[in-house]
Structure formats: C-alpha cells, structure tokens
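Letters are used for the chains, namely A, B and C, taken in the order the chains are written, and counting of residues starts over at 1 for each.
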Amino acid sequence: MILNVLLSGLSLAAFYFILSAGLSLVFGIMGVLNFASAGYFVAGLYAAWFGLGHGWGILPAFIFAAVVGGVLALLVEVSLLRPLYGNVGGQILTTLGVMLILDEAVNWVFGPQIQQEQMTGLLSQTVMFGGMPFPVFRLLLIAVGVLIFLLLALALRYTGLGLRVRAGVDSQTLAELAGVRVAPLRSIVYALGGMLAGLAGALYGPFSGVYPSAGLDTLLLTFIVVVVGGLGSIPGTLAASLVIGLAEALVGFFVPSLALTVNVLVMILVLLLRPQGLLGKPPGRRDTHAA
Amino acid sequence: MSLRLSGIRARIGGVPVLHAVDLEIRNGKVTALLGRNGAGKTTTLRTVLGLTELDAGEITCEGRDLSRLPTWRRAREGLFYVPEDGGVFQDLSVQENLKLSARMPIAQAIEPFEELGPLLGRRAALLSGGERKILALARAYASRSEWLLIDEPSLGLAPTVLRRLAGAIQLLRGRAAMLIVEQNLGFAQSVADDYVLLLDGRTVDRGPIDTLRQSSQFDAAMHFGQSEGGSSQ
Amino acid sequence: MPRSARALRAPLLALLCIALFGWPWVTGTPGLLNLLTGGVIWGLFALSYHLVLGWTGEISFGHSLWFGAGMYGTALLLQATRVDALPGILLAAVALVPLALLVHLLSLRLRGPYFAMITFALAEFAGLLVQNATSLTGGTNGLTGVPISPDLAAPGTLYLSASLLLIAAVAAVLWLRGTRVGLVARAVRDNPTRAALFGHSEVWAKTLTLGGASLLAAIAGGLFLCYQGMAFPAAFGSDTSFTVLLMATIGGADSAWGAAVAGIGLYALENSLTATTSHWGLLLGVVYIAVVRFLPGGLGGLWRRVGASRGRAVTTGAILESSDQSAPRGGLLR
C-alpha cells in the first residue's frame, strides 16, 4: 500500500519536474519569469486532446503537443521578446500578456467546458502493486519524467550546445567575451521551455481533464516547485519536484484534507530556512561584468 | 600586426569618461596602461571589447574596423579580455572553462600551466584568486587570441603568485600583443615593454617603460595612484 | 519632482475632484454612476498597488490577497456585528494590517522574481482556503446576504464615500512621498545597500510600505463588497492581481494619480466592453504587450514627457530588472 502511495508521489514528482524544468531553464538564461509557459501548457493540452480525438495514438499526439508549445514559444521569442532584450521587466509583462492571450484564445475556440480524454489499450489499464491498483499511465509519467531529466542533464553536461548554454546562464557577458553568440541560445532554450510546457500539458490531460484555465491552475505548482528548488537549477528542480510530489502523495494519503496545503507549507518552510531554494545560490551574486 | 585605438570617446551612464584615447599595441609587446583611479583604464578595455558603447573614434585590428562588431565577433577576431576578477565561469569546471574558447586540445593547452592539471574537474568558483588568474591566462593561451587585454592582473595576489603570473605573461608575450591595466607600478615595470599614461580620459604620454619616471606627465597622471592601489573602479 | 509638475498637482487634484463628484450628477445616468463607482474603487486598489510597484520597487503577482481579505473580512465582520458598513470596512482593513505585516516580513526574505512568485502562491493559496472553508465563506458560491447598512447601501452614498476615500488616499500618498517616510522608501528602493549604511533597513521599510498597500487594498476590497452586495472567491484570483498590476503599470510605476486614473479608466473600459465581448482576457493580454512596447513610463511618464520635465520615469520594466540582478540564482547543473 505504501508502495502505491510512493509511486503516486513519484508520478506527481515526474509531472512537476516536466512542468517546471522549462521555466527554470528559461529563467537561467533569460532572467525572465516566463508566465507564457502556462499558455504553452494549455496549447499542448489542447493539441494532445485534438490529436487523440482524431485517433492519432498517444506518441504522435504528445509529440504534436510538444511541437505546438515549442513553435509558439519560438514565435513569441523572436517577435515579442527579442526586441525587448535588456528589458527584463518588460519581457515578464509581455509573457504575462502572452499567457492571457493564449488562455483566452483557447477558451474562445474550444469553449470553457471540461473535455475528457480517454486513454485506450494498455494505458487505460491498471496494474497491481501491493494489492492496490495503479494506473499504467502514471507509470508512463514516471518514465517520461526520468527520460526528460536524463536527456536534459546529459545534454547540458556533455554537448557543446549544453556547455554554451551553461556558460550563458553563468554570465551572458563572459559568454559573449568567449565568442559565444547568446541570442540564438536564448531562442533555443526558450523554444525548449515551450516544448516541455506543451508536453506537460499533454501529460496533464488524461488525469485532470482538458480545460482552458488548466495553465493558470498549474502555474501555482510550477512556482512552488521553482521557489523550493532554486531558479535556474535543473537538479534543484528535480529535488523540489520529488519533495513536493512525495509530500503531497503521503500527506494526501494520511491526512487527505491537508493535501493541497502541504505544498504551500513546504514552500514556506523552505523560505524560512533557505530563502535561495534547496539548490540555489545565496543572493548577492551578480553578473558583475554586465554593462 | 597591430591593434589601434584612435580618438576613442565613451560614456558611462551618460557621463563622458573617455575623451580622446589613442593607442596602439603590437604583437610581441606588453603595453602597460597606467593612470590613477577613475582615469578610464577599465572603460578603455571594455570599449575595445564592445562592452561599453563607443561614442566616437575607431578600433582597428590590422586595418579592419572592429567598432561596429558585437562583442562575440570581436572575441572571434582574436580579442581576449581578462577582467580584474579573472572572468572565469564560476559554475563551469576548469576543463569546461578551457574548452569553451579553446582552439587546441586541452592537454596541450595546460602544458605551460601544469598547476591546472590536478584541478581540471574542479568548479572554478572553488579556485583561489591566484588559480583563477592562471586559469584566465590559460584560457587566453588556449584560444590562440592575438590581442590580450588584461585588467589589474596583480590585484589581490601574494608576491609568490605574482611571480608565477609574471612568468605566464612572459609565456604569452611571444604569441600575442598585450595591453595591461596596472596599479602596481613595480609589477607593471617587471612585465611591460611600453607604457601609456591615461589622465582624465585622455592618453597623455607614451614611451618605453624604462623612461616612465622621466615622463613630463608622470606626476599628473599617477598622483595618488599608488596610495589607492587597492580599490577598484 | 520639478517645480512645474508640483504646481500642476493642485489643479489636477481639483480636476479629479470635479470629475469625480460632478459628472455623475450632471449626467444623472444610473448606469454611469454604477460604472464610475466600480471604477473609483478599483482606482483605490490600483493606488494601493502603486505603493508596491513605485515605492518598494518589488512586483507582486498576489496583491489580490489583500483585496479579497478586505472583502471577506468586512463581510464576516458585518455579519457578526451590528457595526455600520463604512466603519466596518475600515475596522476590518486595520485589523488585517498585523497579518499583512507578518506575511510581508516573511515574503521579503525573497526579492525580485522569487518575491513575485511567493506572493502569487500565497494569494492562490488563500483563494483555495476561502473556497474550501464553505461553512464560513460560502465556498465557490461566495458569501451573499451580507447586511450592508444604509450609509453604503445606496449607490449615491457609496460612490461619494469611495471617491472621498480615493482622493484622501491619493493626497496622503502624494504628501507622504515628500516626507521623510517617502524619501526613505525611495532611498531603499534605489539603493538598499547604501540606505542600509544610513541605518534604513530595506526589509522593514518595504514591510511597512507593503503594509500600507495592503491596508488600502483591503479598504478597496471592503468597498467592492458593498458595491457587489456579496463576497466572491474570484477576488483572490490571479486575474485580480494581473489586472491591478496592469492598472498601476499603465498609470506609470512612479505616479500615484496615474495609477488611480488608470484604475478608473481600465475598470470602466472592461465593464463597458464585457457588455459587447466576453473576451476581456484577450484584450488585457494585448494591452499588456502594447503598454510595455509603446508606453514604457505609463501615463505618469507620458504626462512628464508632455510637460517636458526631465524626471527620469521609473518603468515597471526597470524595476523588475534591477530587482532581478540581486535575486538568488542556481547553477544549471548543481
């Protein structure tokens, strides 16, 4: 039984990680709190719903969701954010505007009602763990979460692009001084953030339904994960996802009425003890080389 | 083979800092850019790299105009800037720091900097001040940059480390032209061939470093320079 | 602030008074009175956000927390006691201040984007609590049947009270700006390190300013309760926070009257438009992007540019940017 609870926690953690990793990465390289990520999330949610509704099968539908999120993000970065380079505050307000527009556009086109997504075949089944049924879809969620973490971590650690991205996150000025062109890196990372948000949206549909305000509803969790983990840190995001996901599952099992509260309590606790987040750096370090 | 600055003007936050900076550095030579605090030494270096916007004047590298190029293009043209804290990537390992701008195998790059060998896997944030400066020079060496601009290499270093640093600069001398901003006159005299004196945003005199004390502008340009040597702009 | 702009302040206020008090009676349209009453209340709310944006230089994505708290606090107070509506609103708002100070003291362990996120999370959390405490708050249906005494039940007197409160609040904020309190707040905003050297604690200065902002927001929330006749959980929602942020941004981060005017205008615009379109969010999003691009200093900045005075406009963008740099940061692979 406890195994079942732990697996639920892990599947939540996997979802939170995919949901928040993009936001964290984008903050790392752009310094932008990317509200629009909630918009790409909703776009991905509906894209997957559309694909599944047309009998595409889960893999093409989910890839489609990620692509929709990524393409939207790329368009936004190139047309709206890039001209505001150097004006971080303006960029944040712009991403807020993009989120509002995307949410409302989805609401306009598909209506405010909740659509249900039906999984078929193996993914609609459950397996028994410790005498309790556990949905196969949630196992898939864990697998995808692990896969995304490994891909991100390995790509950042072992590829040239990953090295340049990390250099840009460390200091954009120093990266330029080392001959790295930072502008395309920003576009790439921002589009990647959009893809992850879109994929997270696709993964959200099967267990919570498809509705326009889903993005805003999950934004709270994203922010909690990112505050707890430390902005811009992928391992921090993973650690925070695990803490929040497992705490939510365990507390939800033993004290169901506190399930929602526990996230916020964890966040407040972390803030009190470690304001920079689990794996963030202490405040005060600036990019001293910036103009 | 020369990097030439002519008639450079620049502002910081709207306040004019550089009024007329003219200088030239040549391959195989180390030029010390000297002047008291606030004279515009660091701003001069930053302007050459495009970190501070150029108001007027020209920066040419072997006859090509660099003034309009973005920072990353200037870096690819062979300009390498070492800010006073070394300018290494804190979150990257020593090896990754080298790899980012290297145009030679890492093993070859650290041959002259053997003290970095055991540190390759260490995060640069954990290096000592001296190790960080050595890493910065190793990066410059590995990048085969032809124009090195080094801000206050001696700042905050112990005498033994200074000697090591002077050795590293001698090593790079044969491969690049260097412009070094210094407050420590002794160190400047031990590594430089020439000097350029900067006073209130203007280059006022230049010559071989041995004749520095005879310069008519020396007192005006360097007054208070030594006593404030510890602070930064 | 240059002398020319200061001289403009009194006539401007007079104009504001005339517009506020005269217009509805001149036209005598109940619809307009209704629209302007809501607008004036949101003007007060936007003014409270001006304290957050312009005085502390922080951005809050959860200012709705204090609007909602004032609304529900007043509602519960009016239900439980026989107190009149206006004193009830003020009482509830003042009673919230200690809680607000505690919350801000805690939140201000963070700055920049982290502060913005924690405010967002706290407001969302409060909204969830209110929705789940059904027996006390009526849950998602809201709290109806709140007894509102005649002093604020009639549209005319509600409008008058709200306008008076708004004008008093604008005057108070403008006056405070020139006093030591305002100077310390600005010193702390612009250079916390240097201000600390002069003995001004950043955290305390900002906590107190945010406490004042919460007080005004709670009063606006209480007034809106009387205006709507009910308390509703959407008051805590992110839309509320985003809208008030937009109002203060359009007003100009450095301009108290700009925030108030933008609050009135945007509310009136929203409510005249919702009659014709249900896609207010779409317009809100477009306005956000457009303001950032075309009106970076907001109305206040525009006014200053028109007046050709050279005051450096503080933009929302600049504020976020400066606070970003001191934010804690993690390494990607640490």
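Keep in mind that, in the parts below, a contact is a pair of C-beta atoms (placed from the backbone, for glycine too) under 8 Å apart; a residue touches a chain by one contact, two chains touch by 3 or more.
Just so we're clear, the structure is a prediction, and the values are computed from it rather than from any experiment.
If each chain is reduced to the average of its C-alpha atoms, the one that sits nearest the average of all protein C-alpha atoms is A.
Here the largest set of C-beta contact pairs joins the chains A-C. Inter-chain centre distance (subunit A to subunit C, centres taken as mean C-alpha positions): 30 Å. Rounded to whole angstrom units, the spacing between the C-alpha centres of subunit A and subunit B is 42.
Here the CA centre of subunit B is 50 Å from the CA centre of subunit C. Shown for subunit B are the residues in touch with two or more other chains, namely 90-91. Across the assembly, subunit C contributes 331-334 as residues in contact with two or more other chains.
Each of residues 166, 169-170, 285 in subunit A touches at least two other chains. Interface of subunit A with subunit B (complex): residues 163-164, 166-167, 169-171, 173-182, 285, 288-289, 291. In the complex of the two chains, the subunit C residues touching subunit A come out as 59, 106-107, 109-111, 113-114, 116-118, 120-122, 124-125, 128, 132, 238, 242, 245, 249, 279-282, 284-289, 291-293, 296, 315-321, 324-334. For subunit A in complex with subunit C, the touching residues are 25, 27-28, 31, 33, 80, 83-84, 86-90, 92-94, 96-101, 103-105, 107-108, 153, 156-157, 165-166, 169-170, 216, 219-220, 223-224, 226-227, 229-236, 260-261, 264, 267-268, 271-272, 275-277, 279-287, 290.
The touching residues of subunit B, when paired with subunit A in their complex, are 46, 49, 51-53, 70-72, 75-76, 80-81, 83, 85, 87-92, 96, 99-101, 139, 143.
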